[in-house]
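Report on the structure given below.
Per-chain numbering from 1; labels A, B and C assigned in written order.
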Amino acid sequence: MIVPIGPIHPALKEPIRLKLQTEGEKVVKAEIEYGYVHRGIEKIIEGQTWQRGIYLSERVCGICSYEHTQTFAETIEQICGVIAPPRAQFLRVITNELDRIQSHFLGNSTFFKSMDHETLFMHVLELREYAMDAIELLTGNRVNMGWNVVGGVRMDADERHFKPILENLKKIEDGFEITREMFAEGPALALRCKDVGIMTKKEAIKGRAVGPIGRGSGIKYDYREDHYTYEDYFDFKTIWRKEGDNYARTLNRFDEIPESISLIRQAIDNIPKGDIRVPVELKSGYAMRKNEAPRGEVTYMIETNGNLIKHISIRTPSIPNMDSCAKYMIPNVASVSDAVSTYASSDPCVACAERVSITDENGDVELKNIDEVM
Amino acid sequence: MSSLIWYIYDFARKAWTDAFTNAKTSPEIADKPERFRNFPKVNKEYCIGCGACTISCPSPNAIKIVREKDNEDGEGLTYPVITHGACIRCGFCAEVCPTEPKTLECGENHLIHPEFNIIPSKRQYIIDDYLCIKCKKCMKKCPVDAISIVNDKLHVDQLKCISCGECIDVCPVNGAMKGVFVENLQDQKDIILLTVDYLESYINSKEEDLRSLEKDRLLQYEIPLSEILTKAIKLIPDEEIASEIITNAVNRLKIRIIDWNKSECKKCQLCIPDCPTKCISFDEKEDTIVRDVNKCLRCSICYQTCPFSVIKYFIAKFSLEDDNLINITVKASNLNEEILME
Amino acid sequence: MLNAIKDVVRKSSIHVCIVNCGGCNGCDVECVALLSPRYDLEQYGIYVHNNPREADVLLLTGAVTEQWTDNLKRVYDKAPEPKIVVSIGNCPISGDVFNQEGGHVHAPASNFIPVDAEVPGCPPRPSEILEAILAVGPQAIADRGREKK
């Protein structure tokens, strides 16, 4: 029997269709049908100047919007041969890590909601609000921050911003320990998520899983290790686990939050003085840059034509993560409700994923299942 | 079990029961931080109507510049109007606004002075020194004082220029002030080349008409612009730029066309040594005279040399009006007559 | 008398379904934030179920993509009467940045279903959404219920 879930369903936040093939209660196969939020964002960015393009790239995804602007800016900087001044790089790290904190909290809260654990859902969302406050205070908006520009950041920050951010971080830390313990040690939750939705390291490599989903399966890889800012100035350790089940993925996201908090503390303590923005002389050329978004590795490939963007191609972490979820995690879970919580544990972001459109030879646009393309 | 005890403990706390009975959203949630970028605030009286905000806005329907009706007190104000349903609250308009104090205010964004933030315009304004009469009208009109005199020549400072285009409107000399697309010059050249090739091959395809054309008569054609435009958009994906380049090229274009009827040719080969680019040759196998179109300069020397008037020489002119039709006018050259009259 | 009782019931218990018809996800995230203890939507008797079949209020986000052009009306028809539609963010109002050359959207959403209230912003703050829902929601539901009689 095939159980279709979505596009509008109590268990899902975003419109997507999850087809589960079941034998009795057991789910044997899963398939994901994309195409409900395809808006053609890459085509819209083509032919625009970077000043506009950076706001458009922000709207690829609403949850990890920050990382998209940073990668966009860094790609154009690479084409023009400049690097943002150190102060701007530090400010970028602060915003990036705040964004990671709120995204991980949101991902975990969705997972708890999918398991119908309202208490933890509320606790986690309450903590998330402190991160959102810090973001709004620093950048001026909660979701689409408009903080990056090519060559640096838009506004400087000083003590009157850093102090409330540190206070908010303290509040997050106070509530974090007990929340994590409730999840990690609580027997009822552990029963529902330990050994459910297992993806082994081999499968994760085969499915190209990235980010906390890959790291939960034993792939010790974080692009931040190779990023010039983190390499030069910061000290952090990559969190990874080897179980590969829902528990590992969720706990992995939890454990990355203290690392992010310590990174923000390091940045605020050691922030250098100087410019926050350098002039950029636009050049034509091609560049590719990667960055570690909350969900994994984001890749931008941009070809510019001097002033205008000739071609842009974005690779977001959600497609490999969701596909490896459908292919390796969901098969052989015990019940449909476990399948839904497994799907939520892969922290899917549909808005990121939907940028593919396939045309037939007549040029008619036809949205197809991603499996047929790959 | 431990979590169950935890819940009971949680519910039994006094703080919890108090919070449960007095559940109320604190009014603090509506407090916005200083930097919060709300919808931009418009100070009508400072606006100079330059349009920098509309050019920079990433959302297509967010900002419109309106002009009030004139009344007894004077001219109506010109100012931007923000549509709340389309504004994405990025604050970029407040950042680029050139007035002092700023017309648009948004969070703290209007306090940014982007000295190296060139307005994202596709057009750059430059002054042609040979045509400029130095009347300084543009200097007076420029709302941001971007035009100044450097070494006795008027010069546009590209970092200050907001690409409003007012200098072009006041300039009394046609062509002295130019708004050019500085980027993708190679693509622009390709578009012009494409247009010329297309028009020439079109006229050459009308061989019959050309050969039957009498002196003092004109041939007139109309062809639609759309075919060239679709090809041009593939090179530069912007209809505005592509159509402007084509319009400029077509209106200035004058093509000279050489055509000869091979069946009437007497194969005297007089034209071969006269050709300056050696593009005419005699093909012994086929027993004909061949002209290499890519090398030919259309200089008309062969036409003047030919003793039998086999080679014909035409001049085509073009014009492109707003109706997206290219008007072609072809007439036979009267060069030979002038020579005869001498 | 019966109507008065119905009004009270309708006003005090509102079930909400979020319909994302193709946006960047930002507005949905802000709607989830509304459930958090800070904003606490449930104290006003508003429950988010994400099930159109038991919804009184449809919260519409997103700019109506190709797939949603026919599905949106179907989702709307499935909600029982009385129902109201509140569109959140700029996308259902004007299509936001997606409504330009290259985009695949069919904004505004009011071409497909009747929209009762709009909250502009990209995205609006949770406090703005809360304010708008409370200002329009309960009374509109009660009025809509009486209209049908």
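Just so we're on the same page, contacts are C-beta pairs under 8 Å (C-beta built on N, C-alpha and C of every residue); 3 or more make two chains touch, one makes a residue touch a chain.
Computed from a prediction, not measured in an experiment: that's the story for all the values here.
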Name the chain whose C-alpha centroid is farthest from the C-alpha centroid of chain C.
B
Please find which chain has its CA centre nearest to the centre of all protein CA atoms in view.
A
Which pairing of chains gives the most C-beta pairs in contact?
A-C
How many Å are there between the centre of chain A and the centre of chain B, using C-alpha atoms for each centre?
39
Return the distance between the CA-based centres of chain A and chain C, expressed in whole Å.
26
Taking each chain's centre as its mean C-alpha position, how far apart are chain B and chain C in Å?
43
Scan chain A for residues touching two or more other chains and write them down.
46-47, 55-56, 59, 144
Please list all residues of chain B that touch 2 or more other chains.
32, 58, 88-89
What parts of chain C, by residue number, touch at least two of the other chains?
38, 96-97, 100, 122, 125
Touching chain A in the complex: which residues of chain C?
17-30, 32-33, 35-38, 49-52, 62-63, 65-68, 71, 75, 96-98, 100-105, 122-123, 125
Would you pull the chain B residues touching chain C in the complex into a rising list?
23-25, 29-30, 32, 39, 58-61, 83-89
With touch defined as at the start, can you tell me which chain C residues reach chain B in the complex?
38-40, 43, 90, 93-97, 99-100, 118, 120-122, 125-127, 130-131
If we count contacts the way the header does, which residues on chain A are in touch with chain C in the complex?
7-15, 35-41, 43-44, 46-47, 55-56, 59-63, 65, 106, 109-110, 121-122, 125-126, 128-129, 132, 142-144, 349-352, 357, 365, 367
What residues on chain A touch chain B, complex-wise?
46-52, 55-56, 59, 119, 136-141, 144, 146, 149, 151, 154-155, 182, 185-189, 277-280, 284, 305-308, 310
